[in-house]
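Both complexes below contain chain A, partnered by chain B and then by chain C.
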Partner chain A sequence: MKLEYDLVIIGGGPAGLAVALEARRNTVKDILLLERDKYLGGILPQCIHNGFGVQYFKEELTGPEYAGRFITKLKDCQINVKKETMVINITSDKRIIAINRDDGLLHIQSKAVVLAMGCRERTREAIAVPGSRPAGIFTAGTAQRYINIEGYMPGREVVVLGSGDIGMIMARRMTLEGARVKAVLEIMPFSTGLIRNKVQCLDDFNIPLKFNHTITRIEGGKRVEKVTVAQVDKNLQAIPGTEEEISCDTVLLSVGLIPENELTSEAGIKLDPVTRGPIVNENRETEIEGIFACGNVLHVHDLADFVTEEGEIVGRAVGEYLKGNRKFRSQPIKIFPGDNIAYVVPQHIDFIVPGRKKIKLFMRVKKPEERVKINLIDDKGRVLTAYKKRIVTPGEMVSVFLPEVLLDDKLKNITISIKRD
Partner chain B sequence: MKTDVVIIGGGVIGTAIARELSRFNINIILIEKEDDVAMGTSKGNSGIIHAGYNDDFNTLKGELNIKSNPKFDKLCADLKILFKRIGSLVIGFSQEDFRKLKELKENGEKNGIENLEIIRGPKLFELEPNLNPQAKYALYAPSAGIISPYKFTIALADNAVINGVKVLLETEAKDIRIEEKQVYGVVTNRGLIETRIVINAAGLHADEIAEAAGDNFKINPIKGEYQLFDKQWGNLVNHILFPIPTKLSKGILVAPTVHDNLLIGPNSYWVKDKDDPATTKAGTEEVCEGARKLVPNLPHQDLVASFAGLRADIEGRNDFIIEASKKIRGFINVADIESPGLSSVPAIAEMVSGILKEVVKEISPQLELNCQDDFVETLVEQPKFADYLDKTGEWQEIVEKDTDYGEIICRCEKVSKGEILRAIHQPLPARSLDAIKRRVRAGMGRCQGGFCSPKVLKILSEELKISPLKVSKKGPGSEILKTKTKEIIKETGVKFKDEVRV
Partner chain C sequence: MEQNKIICISCPIGCRMTIQSKDGKITSIIGNACPKGIKYAEEEFINPLRILTTTVKVIGGELPLVSVKTEKSIPKRLLLKAMVEIAKIEVKAPVKIGQVIKDYLLGTGVSLVATRNIKRVDSNLFS
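And now, the complex of A and B:
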């Protein structure tokens, strides 16, 4: 088999699929897409609920349908795909080692590499929920796989910890399957998922969502028998006297997603401690030229549509990179998170691109706020431009445009801050 | 069922005894109440092979630890498990601590350890750059090492099985049949096993077994909680770091594991329940605080697991019980095996072998204890993909012979399907998700089985030819899945109508 490519994409979820198609549109010739699972689509094939594609296709699709549209197109444009193939190493000079049953170990050399490995779920262990270790504790995504792919119910009486999107969607899914979802507990005073999911998955099914609550103990020998839940104070510490026991056989966790960047780190690429993804420029190119990242491996997105958009940015950028006619700014512009901003992607702007009108910046806030002003501030404290927004919350990514006209040669830093208007 | 010897308990002690006795041409059955060996104390401990300076040589603890320590290199090489002699440092901060370190050193030297050294000043930080800068002294014991206690136990069991020991899992001793002060059998949940010799290695439950045979002591569990951090942090320390020991324990340590994780713990406090290794919030905080005294900057954001173990302590007694019962013939107690129990394993097994010879002489002189000519001392090395990441050419050859080794099931720990299949068919086979995890590490990594457990579940169901609904985490009662989809609705008739907005 051929072992040299112009572009190797690692991961066949919505990010990798978009990169492949867009790179092809931008005349990238030899493309190889590597996917460890049996099928393409990443996590989408198990997301059988709808709500995908509203932004990108302007219609409501299920996860498999959304993925299906890209997979069909991919087949038409003869992109090499290797499924059930696990990448185990990437080097800074873009050599890739992968393994599968048929070929054994593959040593591949590429001119450009795109990291699109997605993310994993934070576990009960990572947040140190005390108690015993019986069967019946699942991350929400694993439970989703058991139900929607394997066809089995992992539980009958459920308590969900965390109001992340997958947790809320699974609360509804399990309810529809006849399970009793006794409560969704959220340690913060606000939901960490989309507002739309709170309404459609919990409120519509009368599933109680308890803010400022957490599980303080899981009990059960062989199988979960009950959990103790308690209200927490401002420092997120359980308030004595508020404990309450809920009997259940299953605990689902939806307490955050972590970009899977072990391969990235092994390649020597620096990560942003907040996003836990690589630090990138406006092309989503990491500090190693020609290695790009997009989708949930870069930062956790709340909609697949945004992931596709990011994949397309990378697809175009790979085209430019391979053509080799890019023009760097004399110095990069660094973008910093200011008041109430957890992070901004991209972290810096490196290129001068003729004809470019604006750059879209994505960010997450630390805490919810209503009627806010988003200020883009330069090195000298001058507001370059500002936007108003009715509501911001950590569960929903915020994006703003940075007009190209503002980016003069001397500009070194931009800080973005969000404040009540 | 009839046999010459029954060993009760598949912890590190029971399995080591089983392996040692399998040198003889006698019939041995080991019974274990759980679905795998290493489900008790031998799973939840620090995994330290101590140098042997803590205990007095006149105690069994002191003597057997010292005798065992040098044997680990060969034993682990034979069993094909990792043992790393990385050395330990007991850290002191004050003049008072310095005195205690000197006492420990003197005791160690009395025990015959030659290479103990007290280290101070900059050398301390050369050895351990991340050590608390306020540390002043350390007792350095180069012969201390680390091991995976459950892998050790499983390997001992595998080796015993290869040499003819029958291991009966999910088999619990309920009573000891005694006639005229002589053992006649063990009553189990699966029926009577006739035997004239019983070895009680039941760990936390050894007192209940002993009581059934008329011996009296009471085991009070002492809990110890741990935290384990991601593999990228195993090199935060280079040695096993201990605080100054107290009467009750060796204190909260910081150490790498043989799999390159970073381990901190244990705390220590009495609990009532012998079967409840739950972790607690207070315990977690105590462990972190204790560990921070040695290494101030711990990678709390990369916590991979918490767990706890229970020490089988007899209050007021500070030594192992390894002896033939004085009341009942044919009954041997191996109890109160607290720390350094793991470190003393080879010598404990040999001592029990000696006791067995005496007992046999007394009660069954017709039973000849001859060594088997064909005793197999070593296990065969089983290739693990994670060990071949820089020898991919060699792994290619393995995949070409068996394509299952080309399919990676656990991405965090890089475990191939071939390794999982092997675990299901090894001499002491894995029958549950946790048993697979302990053998080949699938599910042990940072995602804690989030991605691979559905796949491992499927493989188990196919290989064992059981329904996926029967696959468990750790034996009957801990099945992962409840029903097929649509079943609950069929049972209860509850259905949501279309009018619900979805």
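And now, the complex of A and C:
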């Protein structure tokens, strides 16, 4: 098999698929896509609910349909795909070591590498819930795979911890399949998921959502028998005396996602402590030239459509990189998160691009706020430009445009801050 | 006079609206921040509709299940009834995306269609 490529993409989910197609459109010739699962699409094939594609395709699709559109196109443009292939190491000079059953150990050299490994779910260990260790405790995504792909029912009486989208979607899915979801608990005073999911997944089925609540104990012998639930104070600590017991055989955890960056770190690429993804420029290129990252490995997105958009940015950027005609600014512009901003991607702007009119900046806020102004502020504290928003919430990524005309040679830093309007 | 509470899903604000009605007819809607809320509240009050997505058992496929959806939205009150009906269905591989799995689900005139391809194989990926 061929072991030298122009572009190797690690991960065949929505990010990797978008990169492959867009890179091909931008004249990148030899492309190899590596996927560790038995099928392409990443998490999408198990996300059988609808709501995908509203932004990108302007129609509402289910996860498998959304993935299907890209997978079909991929077959048409003869991109090499290796499934059930696990990448075990990437070096800073873009050598990739991968392994699979047919080829054994593979040493692949590429001119460009795209990291598109996605993210994984936080587990019970990550949040340290005390109690015993019975069967019946699943991350929501694992339960989703069992029910929707493999055909197993994880349990009958369920408590869901976390009101993120996956948790709420699984509360509905378990209910539709005949389980009884006794409660969804959210430690924060607000839901971290979309309003639509709160209404259509919980309210539609009269599933109670308890804010400022968490599980303080899981008990059971072979199988989960009950959980202890308590209200929390402002510091998210359980309030003594508020405990109640809920009997159940299953606990689903939807307590956050972590970008899967072990390969990135091994290649020596620095991670942003907030996003837990690599630090990138506007091309989503890491500190190593020619190694790019996009999708949930870079920062956790709430919509697959935005992942596709980011993958396409990278697809085009890889094309430019391989042509070798990029022009760097004399110094990068660094972008910093200010008031009520958790992070901004990209973290810096490196290039002079003739004809570019604006750069889209993606960010996540720390807490919900209504009637705000998003200010882009320069080194001297001057407001470069500002955008009004009716509402910002941590559950929905915010984006604003940075107009190219504002970027003069002297500009070194931009801080993005949210202020009450 | 009856009162219903509805949360608008048109945008992240999630306006909590109160609908007052008499004999099934809306007399007032309050709590909305924009006209989208009124439209949403009316639809939700008169005939709330949902797309149902679930899975159907596959015989002889690479995977034991195929994901399916109702081609159009169906009345919300029929969701659980539809699940009982869909649980009885088995389909033979191969299955093509968009293939009609069942016509006229519960007499709604809405079809159940496959949302992914399932190849035919002798033993599935997880057996």
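Brief remarks follow.
Simple rule for what comes next: the second predicted complex is superposed on the first by the 421 of 421 C-alpha atoms of A that agree within 3 Å, B and C clash if a C-alpha of one lies under 4 Å from a C-alpha of the other, contacts with A are read in each partner's own complex, and residues count from 1 in each chain.
The rule we apply is simple: a contact is a pair of C-beta atoms (placed from the backbone, for glycine too) under 8 Å apart; a residue touches a chain by one contact, two chains touch by 3 or more.
Since we're looking at a predicted model, the values are computed, not measured.
Note on chain A: of its two partners chain C and chain B, the one contacting more of its residues is B.
In the superposition on chain A, A:Ser132 contacts chain B only, with no contact to chain C.
By the touch criterion stated above, A:Thr62 is placed in contact with chain C alone, chain B being left untouched.
Of the two partner chains placed by superposition, only chain B is touched by A:Asn89; chain C is not. When the shared chain is aligned, no partner comes close enough to touch A:Ala386: not chain B, not chain C.
Of the two partner chains, chain B is the only one touched by A:Thr216; chain C is not. Touch criterion met: A:Lys38 reaches chain C, while chain B stays clear of it. Of the two partner chains, neither chain B nor chain C is touched by A:Cys77. When the shared chain is aligned, chain B comes close enough to touch A:Arg120, but chain C does not. In the superposed pair of complexes, A:Ile99 makes contact with chain B only, with no contact to chain C.
Overlap of the chain B and chain C contact sets on chain A: residues 49-50, 147, 149-151, 176-178, 200, 204. Of all residues in chain B, only 227, 232, 275-281, 283-284, 303-307, 385, 389, 392-393, 395-396, 399-400, 403-404, 406-408, 411-412, 414, 446-451, 453-454, 458, 468-469, 472-489, 491-492, 494, 496, 500-502 touch chain A in the complex they form.
Interface of chain C with chain A (complex): residues 7-9, 11-14, 33, 50-55, 57, 63-65, 67-69, 76, 79-80, 83, 97, 115-117, 125-126. Of all residues in chain A, those touching chain B in their complex are 36, 49-50, 84, 86, 88-89, 97, 99-105, 107, 120-121, 123-126, 128, 130-135, 139, 141-142, 145-147, 149-156, 172, 175-179, 200, 204-205, 216-217, 219, 221-223, 238, 249, 262, 265. Contact residues on chain A toward chain C in their complex (touch as defined above): 38-39, 45, 48-50, 60, 62-65, 68, 147-151, 176-178, 194-196, 198-200, 203-204, 370, 390-391, 393, 395-396.
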